[in-house]
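Here chain A shows up in two complexes: once beside chain B, once beside chain C.
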Partner chain A sequence: MLHYTLSRLGLAVLIVSVAMLILFSMIYLIPGDPAAVALGPRATAAMREALRIKMGLDQPVWVQFWNFFINAWQGDLGNEVLSDRPVSRVVLEQLPYTLALIAGGMVWSVALGIPLGCWAAVKRGSLADRLVGVLSVAVIAVPSFVVAIYALLIFAVSLRWLPAIGAGEPDDLGDQLVHLILPSIAVGLGWVGYIARMVRASMLEVLEAQHIRTARAFGLPDNQITYQYALTIAILPTITLLGVGIGQMLSSAVFAEIVFARPGVGKLVYDAILTRNYPLVTGAVLVTTVLFVLINLVADLIVGALDPRVRSSF
Partner chain B sequence: MAEPLGALGIILVLLVVGGAVFADLIASADPNKIAPRDRFLSPSIDHLMGTDQLGRDLFARVLHGGRIALSVALFATAASLAVGIVLGLIAGYGPRWLDNIMILVFDALKSFPTVMLALALVTLFGPSLTAVVVVVVLVNVPGYARIIRTQTLALKSAEFVTAAQSMGAGAGRILRVHVLPNVIGPLLILASMDIPVVIAIEAGMSFLGLGVRPPTPSWGAILNDGFTAIRDTPWIAVAGGLPIILTTLGFTFLGEALRDVFDPRLKGRG
Partner chain C sequence: MTMNLSGVSRRSFLAAAGAFGAATVAVPRMALSQDGKVLTLRSYSDIQVLDPAFRLSLPEGDIITAIFAPMVTPQPGDTWDWKAVAVDSIEQLDDVTVAFTLKDNIGFTDGYGQMTAEDVKFSIERFADPAMESPYAGDWSALKEVEVKDKLSGLIHLKNKFVPLWTTTLPTAASCILSKRAMEELGDKITTKPVAQSGQYLLAEWVPKQKTILRRNPDWQHEPGGFDEIHIIPIEDPATAERGFEAGDLDYTWTSVSSIPRLKENPPAGSVVLEKPSLAYVWLGMNQDNEALKDVRIRRAIQHAIDRTSVVDAAYFGAAAVGNGIIAPGLPGSRDSVTYDYDPDKARALLAEAGAEGLTVTLDILNQSERLSAAQVIQANLADVGVTCEIKQNDSGTFWTLGAKEGDYFMNLQLILSRFSMQPDPSWATVWFTPEQVGVWNWERFNNAEYKDLHEQGLVESDNAKRDEIYKKMQGLMDESGCYVFLTHEVVGAIHRDTIQPGLKPNGESLLAEFKSA
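Showing the complex of A and B:
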């Protein structure tokens, strides 16, 4: 397990480093002088030159990259343009809202997807199975921002059942949860489908395994076989899938935050683009990327801990 | 996946493609004609889907939006395939160190959340169709290249490849004549199943104002117009969202059915 953990960790560090290199090349390739963009059209040449030196733009490219690289690994992503506050602070302030949204999306997808997939597998070939199959494909296909707009239109604007904008009162947990319902559905709905399909497929495989047949031969009750012996194994691929899913939910969260006017990293990046606050853009993109890599690492380690076959194949 | 669903997929896809191709014939109105006196009209016989904040006919805009969605999807998918195939062949047939570096870059690209990558790239290209195509290529290529790479690796030591090598065929000829025809099938199926995703990326970026520039009709842009006016004139949002839903569903159902036909091993599996 130690070997597996270390090699997965090393790979994650490498991937993040390459991601940093890609991001840095993007910043470097942005047309125009970053100092001029940051200061606006009314700055004098001397002011621009001073900022260029402060930002290290007078140094060779590889020195600039090395500084960016070292600083980023230490959590220093530079200062944002408008208020000169550290980018990492600004991003971390918004991160909890996005994480809450993703957690909400995961709750929907797991709470609905696992039972649906399990049910479809047990009732294989029945009408219920087909219905779950069609619905899964349908919710996977429809993009989350359309779900967000239609959810807003139906449940907030027309029926007025749920609030349309904001994250709720800061001190009122109930109010925050109510504000979380629609955005988290928009983020999680597609994943109900993914997880239902995944659980169904892996349940079908597990239900034919030797130890399940043995359990049947011993006359154990059906429910015990399905939920205790089969599901615990069939759920493993779902953990890996959820790791990937969180990356896509991060994408959906950007739309959900904009549509429902919620604070969060997605809204932050979007607003930063409109104001050309580029250090904030790259910083926030880097933070979400690291988050995604970390989550995948954790998912892999959990699966590795639960399933010895994964460890040995690495 | 049951056949009826595949048939439904074909019908939906034909509807969308037909609507896009014959947009001028089906909708007589000009999709970009601004008519201030006809602002925010609700759906009627004259305007089947109503009009938007500039008095433009939404039905005409939706049909013409199909042209943008489909042409971007085809072009961006073709570009991803071309880049993915070349890179995959190089990674699979080239030296080991190059393979390792390329895999690492693919993994790094895949570790960016799609929309975050799109937002970062817009800082580079500005809001444009170019940005949309670049995002699609960067999102698709790692997956495509990996498939080609894995299969190329497997074929590298096959007897007929060794035979070609011993007869003096160069790397280019081997890859083009002996490897490519054997690896491209599964990739094409995968790419056809990615078309709804590509359509969603274009619509999503246009929704955020980062893709197609106004006044070009795009489903995402119409959806954004509808979002802005959602409290008073909900039909604009409905008109923008409906074609996206129908198109992604149509292509997905069709893709699932096609996959079952071409690759029966996957039938009924995740």
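Showing the complex of A and C:
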């Protein structure tokens, strides 16, 4: 297990380093002078040049990258261009909102997707199975921003049951939860389908296994066989899928944060790109990249812990 | 700013969630300002800099003038006028001298004492100081010095006559008074933590990207703010803000122009839809230094090829009228017509005369739905006269640097659909098209010495009839250059609860301190 853990950690560090290189290169391929965009129309050429120097844009690109690389590994993501606030602070202020949104989406998708998948597998070939199949594909096919807009129009604008914008009062958990309902549905609904399909496929395979047949032969109750013996094995591919799913939810979160005017890292990155706020873009994307890599690392380690075959392959 | 998710048991969490769920289903949400205590409105961006001399956006300027008392502020209503805030009196003694006396009971917070004429001198001279490198130094470009007469009064001496002083300098954040002592102690510009506030409201809380809360200043002894608190929610997308209003989460918001007809036809219950004339101007520009557009006959052909009415109707769903220049109606220099009409036959003839049949051009636009609709009609109009037009959409970061001489694209720029906003003085529109602005904001590279002379005459001419003549002549020169097809001044749309009375400038820009309960 130690060898497996170290190899996954090494891979994670490599992925983050490559991501930093790609991120830095992409930022510099975007046209537009960040100093001019940041300072607006009334800035003089001298002021723009001063800001370029302050942002380090006058230095050779490789020097800029090296500084960024070294500082980032030390946790220093620089300061925001205009307000001069530390980027790490700005990102960490927004991160809880995005994490709450993703967690909310994940709760919906797991709470609905796993039982639906199990039910469809147990009722294989029945009308219920076909209905779950159709619904799963339907929710996968609908983009999250469409879900977001319709959910907002129905539940916030027409019925006025739920708020349309914002994240709730910072010191009021109930208000935050109410504000989380619609965005988390928008982010998580598609994943109900993915998880249901994945769980159904895994369950069908496991339900045919020898130990399940043996359990049936011993006359154990169906529920115990399904949830205690079959699901614990069938869930493994789903855990890996959830790691990837969280990454995809991060990108869906951008739409949800814009449509519901929620604070969050997705919206922060979107705004920072439009204003060419390079330190903020690199810092925010880097934090989410690290988060994504960490989540996948944890998913890999869980799978490794549960399945000895995975550990032994390293 | 934290999310307090800890310290809650599973049982209490479920109980709270259940109770909230039931409550939200049982009771539809209501407007927030109904009790007259809290006003919730939308701004299109979050705050970054609350320093009057370094503000970055209109919403920041609005907040700054609410928390740092300005000498004067625009009068809310339909005509451009101003009213005193921090001054008891202010008057122009002659062309180059303005006398002022402060009210004698305005104080700064944080223990910085009473506002004095020394603070006025510091605040105004700070704007104009070249060492400060304020982007708004031009507002006080005519300043010679501020002379302190006594504790509360002084004289503003100008180097030369400066007519926009009373329209676009004093009634803006450029007349906000900061505490000299506080600023010297700070030693830097103000960002998001204001020191020594003095306005009708105080910045009470800022939750980044979520809300800014202004609270009524308890020590303000003059006309009070209309609400105990103003909550300002940053929402970039106007459609999101409109949905937020319809859901009862906002009391006031700007709307997109294209939403105005829909909202007017079917306004949400208990709301009022406003339409205000905008000062902005939208035009199709042509880069006269681009190889394909160097011949003025080609540019004039494009002027005649564009059906401006169709372009504006398509872009704004009939909500905006066609404009005839860069100066909005109601200001000196506003025109009733342009010198080119929609005449495709004439356009074809001019193109043939210039040997430019089969011309292909690019049209750069900002990636907004209104601009794209306008561009598509322009594309069709040009196709009708045999010109192929390729539309290039740009995000805002790219778009606003396309014509800058520091970039590598400015000479390839051909047609461009632009929109500028302005302050209520014609010089604010004409300044961007002077020869000095070529490659800065004059992307058409229109270069006319007579235009520049007229612009400078306009700055010192106080007779409105003469100013009207000057600015009309300047726009005539722009017509003649063939570089411009003037499209519209747009319109500003807003929607508010009928329980409030918004404080708005004639062009629809908000004045936070002037919002009242209805």
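Here is the rule we go by: the second predicted complex is superposed on the first by the 277 of 314 C-alpha atoms of A that agree within 3 Å, B and C clash if a C-alpha of one lies under 4 Å from a C-alpha of the other, contacts with A are read in each partner's own complex, and residues count from 1 in each chain.
Rule of thumb we're sticking to: a contact is a pair of C-beta atoms (placed from the backbone, for glycine too) under 8 Å apart; a residue touches a chain by one contact, two chains touch by 3 or more.
Remember, it's a predicted structure, so these values are computed and weren't measured experimentally.
Contact with both chain B and chain C is seen for A:Val157 once the two complexes are overlaid on the shared chain. Residue contacts after overlaying the shared chain place A:Ile233 against neither chain B nor chain C.
In the superposition on chain A, A:Ile302 contacts neither chain B nor chain C. Using the contact criterion defined above for the overlaid structures, shared-chain residue A:Leu177 touches chain C, although it does not reach chain B.
In the superposed model, A:Ile273 makes contact with both chain B and chain C. Residue contacts after overlaying the shared chain place A:Ile258 against chain B and chain C alike.
By the touch criterion defined above, A:Met55 reaches neither chain B nor chain C.
Looking at the shared chain after the overlay, A:Ala128 reaches neither chain B nor chain C.
Comparing the two interfaces of chain A, the one with chain B and the one with chain C have residues 30-31, 152-153, 157, 258-259, 273, 276 in common. Contact residues of chain C toward chain A in the complex are 1-5, 8, 13, 16-17, 19-21, 24-25, 28-29, 48-49, 56, 133, 135-136, 138, 191-192, 207-211, 233-237, 240-241, 243-244, 246-250, 395-398, 400-401, 404, 406-407, 409, 432, 440-441.
The residues of chain A lying in touch with chain B in their complex are 11, 14-16, 18-19, 21-23, 26, 29-31, 130, 133-134, 137-138, 140-143, 145-146, 149-150, 152-153, 157-158, 197-198, 200-202, 204, 247-248, 250-252, 254-255, 258-259, 266, 269-270, 273, 276, 278, 281-282, 284-285, 288-289, 292-293, 296. On the side of chain B, the complex with chain A involves touching residues 1-2, 5, 104-105, 107-109, 111-117, 119-124, 196, 200, 203-204, 207-208, 210, 223, 226-227, 230-231, 234, 237-238, 240-241, 244-245, 248-249, 251-253, 256, 268-270. Of all residues in chain A, only 30-34, 36-37, 39-48, 50, 82-85, 90, 93-94, 96-97, 100, 152-153, 156-157, 159-167, 170-171, 173-178, 258-261, 263-264, 267-268, 271, 273-276 touch chain C in the complex they form.
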